[in-house]
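You will see chain A twice below: alongside chain B first, and alongside chain C after that.
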Partner chain A sequence: MITFIGKRLLGLVGTLLIASFLVFAVTEFSPGNVARKTLGPFAAQESVDLLYQKLHLNDSLPVRYVRWLGVLTGVIADPLQDPALKLDFKDPRGDRYFGNFGYSTLYKLPVNDVIWNRLGNTALLAGISFALIVPLSLIFGVLAGMREGSFLDRTISVFGIVATSIPEFASGVFLVAIFVVALRLLPGTSPLTTGGGGWSLASQFVLPVAVLVLYDSGYVVRMVRGSTAEVMSKPYIRTAILKGLSFKTVVWRHAVRNAMIAPFTVILLQINFLISGVVVTEMVFAYPGFGRMLLEASLFGDIALIEAATLVALAVATTTQLLSDLGYALLNPQIRVG
Partner chain B sequence: MTDYRDNEHISTLARELSEKKIDRREFVRFATLLGLSATAAYGLAGKITGEAFAPAARAQALPKGGTIRIGNRIKEIKNPHTYSWGGYDSNMSRQVVEYLTFTDEKGATHPYLAESWTATPDLKTWTFKLRNDVKWSNGEPLTADHVVWNLKRVLDPEVGSSMIGLMSSYMLKDDPTQKDAKGNPKQVLWDANAIEKVDNSTFRFNCKVAQVAVPEHLFHYVMAILHPDENGVFQVGSKGTGAFELVEFEVGKKATFKAKKGYWGGDANVDMIEMTDTGDDPTAAISALASKQLHGLVFADPLQYDALAALPHLQLYSVATGETVVLRMKVTEKPFNDVRVRQAMRYAIDQGPILQVALHGLGREGQHHHTSPAHPEYAELPPFKRDLAKAKQLLAAAGFPNGLDTEIFVPTDLPWGQVQVESAVEQWKDAGIRVKINLMPGASYWDVWTKVPFGSTIWYHRPLAIMTYGLAYRTGAPWNESAYSNKEFDDLLTQAEGTIDVNKRREFMAKLEKILQDDGPLVQPLFRDTFTFMDKRVKGFSMHPTNYFFGWKVGLAEA
Partner chain C sequence: MASTDAPSDVTALGRPELPAPPEVMPDAVAASLTALAAPTAPGAPVAALGTKPPNLLRRLPTSPIAMVGLALIGTWVVLAVLAPVLPLDDPNRQDFLSLGNPVPSAKHWLGVDIKGRDILSRLIHGARTVLTVAPFAAICAYLVGMPLGLLAGYYGGKVDLVVSRLSDIILAFPIIILYVILISQIGPSFWNIVLAVILTAGPGIGRIVRGLTLEQRHLDYVAAAQLRKESDLYVMAVELLPNCRGPLITDFCLRVGYTIITIGILGFLGLGLPPPDPDWGTMVKEGTTLISVHPHMSLFPAIAIVSLVLGFNLVADGVRELSLTD
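Here is the complex of A and B:
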C-alpha cells in the first residue's frame, strides 16, 4: 500500500514536470508578446525590446524552463525581482523561497498573491456544488436504475438528459431571466462582495451552484443509473429476490455497493471538472474564480500564472485519481493495490 | 479674457451666425474653442440671432453620500499618457487626475484646470491661464511647471503617446541629426520655446502652423495632467487634482475611489465610486443591473439594449456620435496595396441593412470617409451607393477576375462590431470577395491591431473630424493602423486644421472626405449612437459621446 502510494506520488512529480515543460513549449508558439502587451500598442519598439530583455525572455526555452524550476524550488532567486531592473516586482516573501511561482505580468502581483484567493473562491463554488451533485446523483441514479424502464426511470432519465445537454451559458441566462429579472429573488452576478443591492454572500452562490449542479448531475445520474440497472440484471440479484428478501433490502444491501464501482471514478473526475471547467459559469456570473483567471492569463500570455494554475489543476487531478484507485480497492475486494 | 471684437475669428463666426451660414451650436462650439467662455458664447449667440438665450439650468442640488457602483472593464491603468483605450482605462484615472479643458456632450469646450485661454488672430500662439485654487492631493498647488512637464513628456516620441498624432503637425519637426531605432529622423519640438512657461500660472503654445483645435486636443483622454513626481505612472495612492483618490485596484476585478475633502470644484456628492469588472460576457452586466448590484455601466453595447430597456428601474441615456468600427485595409499589404481592390471593397457594401442588423438602427449610415454628421465640419457628399458591377469590374482590373480571398481579424470584445463584420462578409460574397473571419480575443487583437493586413477597429468619437484624421490617416501618425500615406491628404488636413471659417473649412473637408472615399484604406458602414443605462437613483448623469464618466457630476438618491 505504502509502495503503491509512493509510486503514484513519484508519477505525480513526473507528470507535473512533463506538463509544466509542455506549457512552456506551447506558450512559446502562441501569438503576442508579453512585453508588448504590458507596455501597450504604442510603446516604442526599443522600450518593448528592453522590457523583453529585462523579463529574460530572450533566453532559450530550456534555459528559461530550468530557471523557472530553480525559482519554484527556491534554489535560485527570482531574477525579475532585482530592483536594478526597475520592474517594480516586489514579493513580501522575498525573492527566494520554496514554492515561488514568480511574478504575474498580468496582475502585477506575485502569483502566490493572486492564485490562492481565486482558487479558494472556485473551491468554495466547486465544494458546494459537489456536496449537492453527489447525493442527488446517487439517489436519483439508483431510483432510476433499480426498475429499468419504469415511469420513474423514464422521468429521471429524460430530466437528466435535458439538464446535461443544455450548456451552462444557456441555463445560466435562463435561470437569470426567471429568478433575477422576473421574480427578483436572487442577484444576477456573484462578485463576492456585499453592498451592491444588499445581496448576501450566500445568495450570490445560489445561481452559479444551481447551474453547475444541473449540468453535472444530469450526467452523473445517467452513469449511476446505467450501472445500477446492469447490476440489477445480475443473477445474484435474482437469487436474492427469489430467496425472499424485500426489494428494499436487495437494492440497499446487494445492488448499491456493487453498482457504485464504475460511478465512483466518474464522480471523482467531477472534481477536476469543477476546478478548471467552471470557466463558463464564472463568466456568466462574473464570479472571481480560478477558471476566469486562467482564461485571462492565457489570453495575456502570463506564463508564470499559467504554469502555476496548470500545476494546481494537475495536482488536483492526480490526487483525485489516486483517491479513486484507493476507493476502488475498498469497494471491490477483488482489487488489491500494490 | 479678450473682448470678442478683438478676435477676428470670433467676428467672422458672429457674421456667419447672423447670415445663418452656421447654426448656433456651431457658433458656440468654435467660439468656446477660441477662448470665449461657454456662457458668454451662448449669450452672444442670443444677441446676434435675437433669440432669447435660455440660461443654463441651475445646477440642481444633488443628493449627498452613498457609493455609486459602475460596471467597467478593469484594465491596466498604469500609464495614462499612453492609454490606447479611453473607454475603460481613462474612466478610472479620470476620477483622480484631470485635464486642462473640458469638452461637453454638445461639443462646446469649457475651462477646467485652465481657467481661460486666448489665441492670437493667426491662431499660432495660444496662451492658457491656470486656475489658482487647484491643489494636488498632498496640498501642493498646481503650477505651470507641472503642466509644461506633462506637455513635453507626451510630445517626446520615446514615451509613445497618441498626443503626437494630434499635435505633431503644429508642435514637432524632424531632427535629421538624431535617428530613431529604424533610422528615421527623430521628431523633436519644432522650436525650443514651443511650449513656454510664461509665469507660475500661465503657459503658452507657440505653434509652427495655425491650429484651431488646441483646447480640444487638451481634452484628449491621454492628456491627463499627472504630478511630475510620479514619472508618468498612475496607481493606488497617486497624487491627483481630482475629486477622488484611487484606494483599491485589481485588474479584472475592481477599482475603488474615495471622495477627497477640499476638492477645488467643491466636494463630490457621492462618498465612493466602485467600478466592477463583469468580464467579457455582456449578459453578466445585464444580470448585475437587473439585480441592482450595479447602478449603471460606463457604456452599453447594442446587444444589451433590448434586455436593459425592459428593466423598469433603469433610465436610458444616449447621444449621437462619430463612434464607428472601421474595416481598415493596410495599404502596404497585398492585395490592399491596389487602390482598385480597396474601392471594390467599398462598392460591395450596402450600409442600410448593416445598420439595422448590427445596431437595431441605433446610429446612422457611414460614407466610408470617417466623418459623421455629428461633426461640425461634416461636408455632405453624394451618397456612396452599393454598385456590385463596378466592384466586380474593379476587381477584374486589379487582376482578380474570379474574385478575391482574404481574411479579416476581428476582436470578440465588441459584439456589435463582430455582427457588422459578419453582415459585411455576406455582402462581399455577392461581389466575389470571400472573406474569412478570424476572431481574436480583444486582448490579443489590440496587440496586433496596427499590424494585421485587414482588421476591424473601433474608433471612439472625437469632437472634430480633423482630430480623427490627424490620429488615424496622417502619414506616420502612431495610430495610423492602415499605414495610409497621401501627401495631398496630409497637406489639405494641415490647412483644414488652421481654418476657422466653417464654410471654407468644409470645402477642405469635402476634398479630404472624397480622397478617403476614392483612395482611402477603410470600409466604414455606419456611425453609432452611444448610450448607456443608469439606475433612476443616479442623478446628474449625462451621456458623453466619448463615454466619459465623471464621478463629481453625479449624486445618488435614496432607494
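Here is the complex of A and C:
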C-alpha cells in the first residue's frame, strides 16, 4: 500500500513537470515579446531590450523552462526583481525562496500575493457547491435507481439529461433573467463586497452555487441511478427481498453500499469538472476567483501566473484522482492494491 | 498497477463524455455472449462467427428519447441548410431604426441584438457554424484517438504504456483550463478549435477504445480472425471496432454535445470564432451587457445552445439503452 502511494506520488510529480513544460511551450505560440508585454506599449525600446537580455529570452525553450524551475525551487534568484531593471518589482519574501512562482506581469505583484487569496474564494464557491451536489445526487440517484422504470425514475432521469445539457453560462443567463431581472430577489453579480447594491455576502453566493449544482448534479445523479439500478438486479437483492425484508431495509442495508462504489470515484473526479465549471461561473457573476484570474492571465500572456495557476489546478486534480483510486480500493474488496 | 485499472478507467469517463462504467459492462458482456452463441462446432465456417445482430441505427426509431433528440438536431440542421433561401435578414446588417425598441416584433421575430442585427437570422447562420465545427472536430478527435486506443489495447506492453501515460497527463487538466490556455495563445479560428478539440478529447476517446479493446481482444471471434492469419490492421478495424459500436456511438453523440458547449463557453469568455460569423456563445456574452433591460438578447442564443446540446444528449441516451440489448 505504501509503495503504491509512493509510486503514485512520484507519478504525480512527473505529471506536474511535463504539464508545466507543455504550458510553457504553448505560451510560445503567443505573438509578441514577453519583455514588451511586461513593460507595456509605452516603454522605451532600450528598457525592453535590457529586459529581453536580463530574462535571456533568446535562450532555447528547455533552457528557459529549467531556469523557471530553478526560480520555483529557490535555486536561482528571480531575474525580474533585479533592481537594475528599474521595474520596482519587490517580493517581501526575497528574490530566492522555495515556492517562488515569480512576478505577475499583469498585476505587477508577486504571484504568491495574487493567487492564494483568489484560490481561497474559488475553494469557498466550489466547496459549498460540492457539499450540496453530493447529498442531492445520492438521494435522487438512489430514489430513481431503486425502482427502475417507475415514474419517479423517468422524471429524475429526464431532469438529469436536461441539467447536463445546460452549460453554466446558459443556466446563469436563465437564472439571472428570472431571479434578478424579473423577481429582483437576488444580485446578478457576486463581487464579494457589501458596498454598492447592498446585497449581503450570503445572497451573492446563491446564484453561482445554483448554477454549479444544477450542471454537475445532473451528471452525478445519472451515475448513481445507473449504479443503483445495476445492484438492484443482482441475485443477493432478490434473496434479501424473498427472505422477507422490507424494501426499505433491502435498499438501505444491502443495495446502497454496493451501489456507491462506482459513483464514489466519479464524485471525486467531479472536483476536476467543478474547477472547469467554476471558471465559467466566475465569469458570469464577476466573482473574484481563480478562474477569472487565469482567463485574464492567459489573455495577457502573463506566463508566471498561468504556470502557477495551472500547477495548482493540476495538483488539486491529480490529488483527487489519487484519493479516488484509494477510496475505490477501500470500498471494493475485489480490488487489491499491491 | 493492473489492479487499479478499473478506477483509472473511470477517470476516462470524465464528464458527460462517457457512458457510465456499470453501463458499459453489460454491453461488453452482451457482445461476448453474442459471439459465444454463434455456431462454434468444429468444421463450421469460421465466417459464421461474424453473424451481426440487427442494425443498431435501424432500431433507433423504437426509442422515443432518441427520436425527440433527432427531432431537435434535425430542426437545426434543416434551418442551417436552408439558411440561404429562407427570407432572413442579412445576419450582419444593422437595423438602427429597431435599436430603440429591440424586442421581438413582426419585422424581427426574435428581436434585434445590441447592434441592431436580427437575432433569428444570426441564430440560424450561427447554427451553420456550430453544426460544422462541432461534428467535424469530434470526428477528427476520433480519427486520432481511436487508432491510439486500438493500438494500446491490442498490443498492450510498451505501446500501451506510452499512450496511456501521455493521455493521463492531458486528462489531468481541468478541460476548460486547457482550452482557455490553448485558444488564448493560438487564437480562435476554425482550425485552432478543431486542433484544441483533438488535443483535449483525443486522449479520452483513446482511453475508452482501449478499455473496449481490452475486453474484446481475448474473445473467440478475435482468435478466429487471428487464426485465419488476418492482418492486425484487419482484426482491429473490421473485427474489433464494429463490436464496440454501441458505447462508441453513445460517446460520439455526447462528445459532439460537449464540443458545442465548449465552443459556447469559449465564445462566452471572449474567445469565440472571429466576426463576422455569428457565434452563439459570443451572442450570449454580448447580450449580457443589457440583460437587465433586454434579457431576450442573451436568452434566445442560450436556448439555442441548450436545445442543440439536449438533442445530442438525448440521442446518446437512446443509443445507450438500445445498445444494452444489442
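Throughout what follows, the second predicted complex is superposed on the first by the 311 of 338 C-alpha atoms of A that agree within 3 Å, B and C clash if a C-alpha of one lies under 4 Å from a C-alpha of the other, contacts with A are read in each partner's own complex, and residues count from 1 in each chain.
As a convention for this text, a residue touches a chain if its C-beta (ideal position, glycine included) is under 8 Å from a C-beta of that chain, and two chains touch if they have at least 3 such contacts.
The shown structure was predicted, so the numbers you read here are calculated from the model rather than taken from an experiment.
Asker: Looking at A:Lys108 after the superposition, I want to know if it touches chain B, chain C, both of them or none. Which is it: first, second, both, neither?
Answerer: After superposition on chain A, A:Lys108 lies in contact with chain B alone.
Asker: On the A-aligned overlay, A:Phe285 touches which partner chain: chain B = first, chain C = second, or both, or neither?
Answerer: Touch status of A:Phe285: first partner only.
Asker: Once the structures are superposed on A, label A:Pro92 by its partner contacts, choosing first (chain B), second (chain C), both or neither.
Answerer: neither
Asker: On the A-aligned overlay, A:Ser165 touches which partner chain: chain B = first, chain C = second, or both, or neither?
Answerer: Second partner only.
Asker: Of chain B and chain C, which one touches more residues of chain A?
Answerer: Partner touching more chain A residues in the overlay: C.
Asker: Figure out whether A:Glu230 sits in contact with chain B (first) or chain C (second), or with both, or with neither.
Answerer: second
Asker: Output check: A:Val180 vs chain B and chain C. Expected answer is one of first, second, both, neither. What do you get?
Answerer: In the superposition, A:Val180 touches chain B and chain C alike.
Asker: Taking the superposition on A as described, I'd like to know which of chain B and chain C A:Thr193 touches: first, second, both or neither.
Answerer: Only chain B; A:Thr193 stays clear of chain C.
Asker: Which partner chains sit in contact with A:Thr265 here, chain B, chain C, both or neither? Use first/second/both/neither.
Answerer: The answer is second: A:Thr265 touches chain C but not chain B.
Asker: Which residues form the common part of the chain A surface touched by chain B and by chain C?
Answerer: 169, 173, 176, 180-181, 188, 283-284, 299
Asker: Chain A touches which residues of chain C in the complex?
Answerer: By the definition above, chain C touches chain A via 3-4, 6-8, 10-11, 13-16, 20-23, 168-169, 172-177, 180-182, 184-186, 257, 261, 264-265, 268-270, 281, 284-285, 287-288, 291-292, 295, 298-299, 302-303, 305-306, 309-310, 313-314, 317.
Asker: Could you list, by residue number, the parts of chain A that touch chain B in their complex?
Answerer: Going through chain A, the ones touching chain B are 31-33, 36-47, 106-108, 169, 172-173, 176, 180-181, 184, 186-189, 191, 193, 195-197, 199, 283-286, 288, 292-293, 296, 299-300.
Asker: For chain B, which residues count as touching chain A in their complex?
Answerer: Residues of chain B touching chain A: 67, 69, 76, 78-79, 82-84, 157-158, 160-162, 180-182, 250-254, 274, 276-281, 283-294, 310-311, 441, 443-444, 446-450, 478-479.
Asker: For chain A, which residues are in contact with chain C within the complex?
Answerer: Contact set of chain A toward chain C: 4, 15, 18-19, 22-23, 26-27, 29-30, 161-162, 164-170, 173-174, 176-177, 180-181, 188, 219, 222-223, 226-227, 230, 262, 265-266, 269, 272-273, 275-277, 279-280, 283-284, 294-295, 298-299, 301, 306, 309-310, 313-314, 317-318, 321, 324-325, 328-329, 332, 335-338.
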